[in-house]
Amino acid sequence: MVGNRKRWHNPVLYTLASITLLIMIYPYLHMVMHSLAVWDQVDRNFFPTKFTLRSYQWLLLGAEDVQPRPWLRAFLNSMFVTISSTLLMMLTAVLAGYALSKFVFKGKKAVNNVILFQMFFPSIILLIPSFLIVKQLGLYDTYWGMILPKSVSLWAIFMYTNFFKVIPNDLIEAAKLDGASEFHILFRIVLPMSRSITTIVFLFLFMERWVELLWDMLIVKGQQHLTLNVLLAQMFGPYGAYPGPMYAASVILTVPIILLFLACSKYFKEGIQFALK
Amino acid sequence: MYKCKKVMAVVLTAGLASAFLMGCSQETTKTTTQPDGTVTIDFWAAPNPPQQKYWQQMADEFAKENPKVKVNVSPMPESPSSEAGIQAALAGGSAPTISENISRGFAAQLSDSKALVPLDTLSDWGEIIKNRQMNNTISSWKFADNHQYVLPIYSNAMLFAWRIDMLKQLGYNEPPKTYGDVMALGKKLKDKYPDKYVWANPDLTDPTWWKRWFDFFMLYDAASNGNKFIEGNKLTADDTSGVKTLTFLQDLGKNNLLLTNQSTDPFEKGTSVWTTIGPWTFSTWKEKYPELKFNESYVLSPPPVPDGMSTENVKTFSDTKGLVIYAQAAPEKQKAAMQFIKWVYSKPEHDQKWLEITNLPPARDDMNTNDSFKSYLSQHPELQPFAASIPNGVPPVDNAKFNDLQTTIGKQAVNPVVTGKSDPAAAWNAMKKELQGALK
Amino acid sequence: MSRREHRVLGWLFTSPYLLYSLVFFLIPLCWAMYLAFSDWNLISPVYNMVGLGNFKKALENPGVRSAFWVTYKFMAFFVPIVVTGSLLVSLLVNSLPRYKSLFLVGYFLPYLASGVATSLVVKGVLSYNSPLNEWLRGSWNLTIDWLGSPVSALLIVAVIIAWKFIGYYSLILTSGLESIPTEVYEAAAIDGVTGWSRFWRITLPMLYPALFTVLILSAGVTFGIFTEVYILTKGGPDNATNTWQMEIFTQAFSKLDAGYGSAIAILASVVTFASIYVIRKLMEKWGDRYGWE
């Protein structure tokens, strides 16, 4: 595409790109605007003109006839479940990826095949029995019930296996001659070299876990372990909806992950190059 | 680069901190009996906020007098309905001790799966019934196996609300009473305001079972003068009134008086002039639409009836719910639950408080005679029509297969008739055929 | 390191994964097979084995039939939207002289959205008396029953999900575009191949590997739709958005018919697996034409 670009192209292209950007992020802007709008403008004006914190107040403190729902707790729950689940997925993936890329053992091929098989296997069939397993293990309505069934990511194993393959064996051999243990090599030498891929894997796993609804909805029953998604989905019953607070809750659900992503966007750009190959 | 690390550090700390916090506050409810003999019971309140408020207050007061029993009140999960939420909890083996918001049909289904405690086998049952003056009410709640599984809490005849302010602009001083009146009003409304509708209700095209309570059954109960739609395992629906009900719905649709698009508060915003209403709506209105005033902006009326029928004592659907104790709860919890229920219903003041907070009429024999209820109602004219309609209330279908049955009513009859895909008589017969198949 | 060490450490390091697969893959898989032949309702202490009854019932159920067709209808909406959308976006980004990655990061933001939140926002925006619809009625005399008519309801779900994925897929396509060597274009320019024909004859074939990934990923997404449908339409109107996940959820957890739900899940898995396989094969055929292995 080099060579035929004329000068007048640029402003047009940037305008187009900016308009696209605006369309892509408009739903977020809409959410924020209407979460702050006065109640008789929510969903009635395109662009609200008067603003208030009433929606947030209603959400967090309740109203005369409305007990506040545990939004703060749900936020912390979501945080905790997402982080634990993500870290476990990373740990299992790093271990398995290292074994599959650097060790020679009988059965390795079989393990590789099992992973491939699972990757292409439609997981929909597992929904009901997984629920029953969680119940049998006594994990229904607990954090572990939400975390453990999501503690392995086949994609992450795949990513790490491929990345570790690229790391030269000489490096590992050299460390071994210095008397380093395998764990030491993995966590002190190999992993720090994989920072960009780790960021990518972390971000993607975090994002995926953060927006999960179906599984959490099946496992959570009490107030204690509610996650943000489940609470938000439950807020709309037959007894009348509150659009303002709904937007406010959506903001609470969305903002943290956007901040996390934007803060890490530089690593993201580096890592994504590898991830996409 | 540093930003990312910092934010991640914050996120991780927050996660761990929350883990710590959660860890501390958790697990208090899992064990049944604490070493000091305290029993904690879980009470699931209906998703309706005022009901949560009521039970929370009751639990707090009860705690003052009974330090050995702790009542944990929380709203029941709706995923996607409160019934489904309870079923999933039962399937997960972690049902609460008590929950309210149980209809008779649902109780029948649950008792078939041995999920409920027969309340009459627990001590104090007789005393509760006597204290709360519900000997008459309770007799109709006996189940096929001669046990009582539900303690009815309220029984609320559903009504319709009309935007009287808009009706007045059309020359009406009172709401229409028959199908013909409604159609005539609709024509006048369309002439003046082509963009407005008589009824805005997307539920009419939704087959979800419980939606039928608030459209089909209200109209059918009125049209059939309280005929029981299904009795035991037999379909006893009345053909003539059924077809008339469906024809009315179809006429509304055909004349463009029905809006089935998804809309936000259409009645409150004046997009439509008619809506189904229960007393729980008033507290929401107070907060969101304080400008809506009884007798100025809206009035209440029973369902319209087919032309030529008497418009006195019109029957309507009665939303009747009660509380149950789950068999999964440990015996000492069941006992403590009974203790709590007995305490709540030992004093009429508690039922008065119920009425004040939730606006729902308590299921008591003396609801319309007891002075304390009377005086409250006289101060709240918008509740009087509900109280007056209690004798005209027809309880819901109490078959254990209520979910499938009522889904069929939607799928075969109401939904296709409203959208004009099928004509009332054919739809009615198709529905009957499927219902009879399901009831076998 | 000795062979023994290799073996011990190899199995040790993969053991967490293997244990997980046993508990949350192999056992559930067998359990699902067993459940599918029973009429258990998840609560009752007793249940019967009903042989192939559940499968027979499933094949006759309009909900299951609709789930089967809805999936392909959804695919017919979703895949073209998301592929063209992300292709356009990546062509646009690729032609920007600077700030490429800034825009890419911006376009990626929708991927972070929770389906619950976006669906609720869309529900509000599309309700009959929302500002958008009031405006359409006022200025164009247009009233659209967005979520009430079968085609538009499905289309809206497809658009929401496409919105979420466009940024992600355009990352993949942009890196594909970047990997096309400039010499190829220069050579083509000498032969007088420019504009559209350059796009069809050079860019598209060279982009094949990236497109392959995007198409397979987006087809995969099609078989796992739940959140948006659950919040927006609950599978309606008239089953027009009833996806496999929605149907299984309704049967197993809303109607509590776990045996029946498992039978449907097995059917769904077979259909999903076969469909993805066929799509892969078709894509590979297409790749053969361009000389990709």
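The chains carry the letters A, B and C, assigned in the order they are written, with residues numbered from 1 in each.
One rule holds for everything that comes next: contacts are C-beta pairs under 8 Å (C-beta built on N, C-alpha and C of every residue); 3 or more make two chains touch, one makes a residue touch a chain.
Computed from a predicted structure; not experimentally measured.
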item: Label of the chain whose CA centroid is most distant from the centroid of chain A; value: B
item: Which of A-B and B-C has more C-beta contact pairs; value: A-B
item: Centre-of-Cα separation between chain C and chain A, whole angstrom; value: 17
item: Intercentroid distance (Cα basis), chain B paired with chain A, Å; value: 37
item: Junction residues of chain A, two or more chains touched; value: 43, 218, 233, 243
item: Of all residues in chain B, the ones touching two or more other chains; value: 79, 88, 91, 264
item: Chain C, residues touching no fewer than two other chains; value: 42, 124, 127, 129-130, 230, 253, 258
item: Of chain A, residues touching chain C in the complex; value: 1-5, 9-10, 13-14, 16-17, 20-21, 24-25, 27-28, 30-31, 34, 43-46, 91-92, 95-96, 98-100, 103-108, 111, 114-115, 118, 120-122, 124-130, 132-133, 148-149, 151-152, 157, 176, 182, 207, 210-211, 213-214, 218, 228-229, 232-233, 236, 243, 246-247, 249-250, 253-254, 257-258, 261-262, 265, 268-269, 272-273, 276-277
item: Chain B - residues contacting chain A, complex; value: 1, 3-4, 6-8, 11-12, 14-16, 18-19, 21-22, 25-26, 29, 42, 47-50, 52-53, 56, 74-75, 77-79, 82, 85, 88-89, 91-94, 210, 264, 280-281, 283-284, 286-288, 357
item: Chain C-touching residues of chain B, taken from the complex the two chains share; value: 79-81, 84, 87-88, 90-91, 110, 112-115, 195, 200, 202, 205-208, 259-266, 269, 271, 403-404, 415
item: List of chain C residues in touch with chain B within their complex; value: 41-45, 123-124, 126-130, 137, 143, 145-148, 230, 234, 236-238, 253-256, 258
item: Complex contacts: residues of chain C adjacent to chain A; value: 1, 3, 6-7, 9-14, 16-18, 20-21, 23-25, 27-29, 31-32, 35, 42, 89, 92-97, 99, 101, 103-118, 120-122, 124-125, 127, 129-132, 135, 163, 166-167, 171-172, 175, 182, 185-186, 189, 194, 210, 223-224, 226-227, 230-231, 244-245, 248-249, 252-253, 258, 261-262, 265-266, 268-269, 272-273, 276
